[in-house]
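Presented sequentially are two complexes of chain A, the first with chain B as partner and the second with chain C.
Then we have the complex of A and B:
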């Protein structure tokens, strides 16, 4: 309770500010469309229920979320569940690819000196490059050689999320200190044993924080990958069509859905971490 | 016919691998820089040989030489895009967003109650796909640079807020006690101890934000832009299959991203010279 109180207070402040902003931003439009005999109160109230408000009030977004989530069958292109599924599956596939590749690369970097010296600088430098700029080209080029649908989006999601996994994992595999490695040597453990019993377990507490970042990035990658080709489905497509047709409610609903998906993804990573902690008897 | 490129690729990989292996044994700084540079050169050469040797259509993947030529040919276009995206959108947005985040952190820091509420929400929002806000900002502020600045401001605000709050907390109890024993008040403690102590965190956020700002501005241009801008150029030229210009644009984005990061890292070294990570 003591932890929730400040968060709830801040959320309440946000809601008040939001409603005030909605009234202020929608007032012009409300005046334009109001009947001649509308009273001032009616005009102010109508800022809360416009069809294409400049800033929808929170309850309008909740309503829109409600109808687009539960109002249509989930296979319908008007259902937000359908669009979320399209985006989430691309993000999840990309995340899985990134996890495999990122961990393999990290193992290579830690064990093969040539790989470390050749790759590490590029991996760090690539963090500073706006990778998302490549997204439209990748989607179009892969589309041209016949790869459409899930895979191009998954590749971009994977490309984005693979860097934090690699850097986190490299740090983690290197985290055992010389004393622990010396201990392994006194046990006359060979390389594979040091890896399986010391480095790998030690890396897990570094892997999971980077996995959270990676999961969020995979989602961003999948959404942005849906923008350039005028994709028919997915949260990115919802954002794009919403912006073409001025459907502000649709944009905000898609945005909140994307935020919810990010929460689910981060929560899933946390669950996996908890499962691992339990399997190891309470430690990570 | 296809034997020649295959053979030269093979030779390149074997020779390059041996050279990398030898170089990576050196310990001095020269070797440490030469190895990744050689790796990059090998990759570029392999790309060039594969593209020209196997006759990959330039419409799918132009060779590096083609990209370089396009870069030189379209220099005026690239310059206009750089001005529109980087100078007009990225830099102001990054500066405003980071400054606002820092000021908000200093204000919030005075109220532990609000800080406990804002910190989890701030980290949560940092993990959200904020770029999605771009179409809304384009509607509010129009197609030109103000909407891009708005996206960048929102994207850079929260990482700075979260990092600066953590940084302001970083001053240890002993240092605070020392300040108190000097009779220093809130303002003096803030200016002489806690803000300087927070600088490593602030620079961390500034560096992170420099990449985020570039991404935000480019993606925001996908939703509408006047007739120039890096994101606008990328999305329209992709549609026209002018891939060499798109690649030139991406090269520029990469160089700009790396350069801003490097400049910030240099300033950080000068300003936080006392920090253990730099003295070491």
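Then we have the complex of A and C:
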């Protein structure tokens, strides 16, 4: 209870502010379309019941989420579960690719001096390119060589999410202090043993915070990749079609769904972390 | 105490007939950083015989840790000749001739106490059964058998350092190198560990080189005390010291003990350690 109180307090404040904003933003439209004999109260109430409000009221979003999640079979293009699945699978594949690439890059950077000198600059540069600009090009170029659907989106998701993994792992693999390294030297441990028994386990407490950021970024990447390419399915496509047709309810429902997916993804990372922590007696 | 002198003599005779575990002739270590040369150690001559417990004592910067690290092949001598078990320090390290105890326990926090002790054994490629047997044995020896499933952060500083001693012993080395292992601990814990370490040494009679800041600790533990002095790091005097057999902690109030401690202090004073 005490744990939930602050969260619920913030939620209540948000709801109040949100309702006030909804009334304020939708009032003009409500007046325009109101019947001549409508009372002020009726006009105010109608600001929260519009079909295409500038800002939907919270309960409208909840209703929209309810119907789009549970009102259709999950294979229907009107089902939000279907679109969430499309986006989540691209994000998950992108995250997996980023994990592999990110860790391999970090291992290379830590162990091969020339790799650090040659790659680090490019890795940082890759993150300064606006992903919204590069995403359509990646999709078009890959489409030309016959790659469509999941993979181009996964690549853009991976593009965004490998960076925190690489930087976290580089830091983690370098985290053992001189004494811990000297200890390995007194045992005449070889490079592979130092890696497996010291650097790798030491890096885990750096990897997991990075993975949380990467998981959220993979979702952003997948959604952004769906935006400019006229994708037919996915949360990005829902956002896009919603804005074409002024379906603000659809947009907000998709946004909330994206946030929920991010929470699930971060929760999954946390579960993996907990499993590791258990094997380490309660600390990472 | 005729019985004790016989023990000293016994050690001395072994020392003179068998080759030394550590032999240093004119050993020097000069550090080079940014074109600036620092002489950490110069002109070190010493033979350490099997079964001896030798303490290196002196103020900060006297090169005592550098000498220990050179024996362990963690630093390279820039002058002179240094052998460990008749080999170069590097060969001795590759042959895993020594166990090393650092200033801090340097336990790996993701490993349980038991698995920390088994770490060097895994690296040596010992079979699992042997690893477990040795871990159990050496944890028992340092009095931590009941804590094998715990993790380092669940133990006190003194217990952690005992684990690190068990870890060094588990290699079953012929030489135990210790770099101020109890320096970070409170005096009461330190007394207890000194008692413990002395019993351990008496029962195994392994050769030990022990770096310390503490005169009572050096006198209590050692058969010989090497007094060193800084700028440049060098040996001032080597003082024989063996209080013999069983050593209760209150041996430190006996005249023999105080006499040796006095001689160590005089030697340190002669090296301007108190200036």
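Quick note on the criterion: the second predicted complex is superposed on the first by the 273 of 284 C-alpha atoms of A that agree within 3 Å, B and C clash if a C-alpha of one lies under 4 Å from a C-alpha of the other, contacts with A are read in each partner's own complex, and residues count from 1 in each chain.
By definition in this document, a contact is a pair of C-beta atoms (placed from the backbone, for glycine too) under 8 Å apart; a residue touches a chain by one contact, two chains touch by 3 or more.
Bear in mind the structure is a predicted one, so any value in this text is a computation, not a measurement.
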Request  = Consider chain A as the common anchor and indicate whether chain B and chain C clash or fit when overlaid.
outcome  = fit
Inquiry  = Applying the document's definition of touch, where does A:216 land relative to chain B and chain C: first, second, both, or neither?
reply    = first
Request  = Could you say whether A:280 touches chain B, chain C, both of them, or neither, answering first, second, both or neither?
outcome  = second
Query = What is the contact status of A:11 with respect to chain B (first) and chain C (second): first, second, both, or neither?
reply = first
Inquiry  = Going by the contact rule set out at the top, does A:102 touch chain B (first), chain C (second), both, or neither?
reply    = neither
Message = By the touch definition at the top of the document, which applies to A:152: first (chain B), second (chain C), both, or neither?
response = neither
Message = Quick check on the superposed pair: does A:168 touch chain B, chain C, both, or neither? Answer first, second, both or neither.
response = neither
Key: Partner chain in contact with A:179 - chain B first, chain C second, else both or neither   = second
Message = Looking at A:248 after the superposition, I want to know if it touches chain B, chain C, both of them or none. Which is it: first, second, both, neither?
response = first
Vertex chain A angle, Cα centres of chain C and chain B, expressed to the nearest 10 degrees = 80
Task = Please name the chain, chain B or chain C, that touches the greater number of residues in chain A.
result = B
Inquiry  = Applying the document's definition of touch, where does A:188 land relative to chain B and chain C: first, second, both, or neither?
reply    = second
Request  = Determine the nearest approach in Å between the Cα atoms of chain B and those of chain C after overlaying the two structures.
outcome  = 12
Remark   = chain B and chain C footprints on chain A meet at residues none
Query = Where on chain A does chain B make contact in their complex?
reply = 3, 5-11, 54, 113-114, 116-122, 125, 127-134, 136-137, 140-141, 144-145, 212-213, 216, 219-220, 223-224, 227-228, 235, 239-240, 242-243, 246, 248, 251-252, 254-255, 258-259, 262-263, 266
Request  = In the complex, go through chain B and note every residue touching chain A.
outcome  = 17, 20-21, 23-25, 31-33, 35-36, 38-40, 59-61, 113-118, 120-121, 124, 127-129, 131-136, 138-140, 207, 210-211, 214-215, 218-219, 222-224, 230-231, 234-235, 238-239, 241, 243, 246-247, 249-250, 253-254, 257-258, 260-261
Request  = Please name which positions on chain C make contact with chain A in the complex.
outcome  = 72-74, 93-94, 96, 98-100, 102-104, 106, 108-112, 119-120, 122-124, 150-151, 153-154, 171
Note = As the complex stands, chain A meets chain C at residues 179-180, 182-189, 193, 197-198, 201-202, 204, 280-284
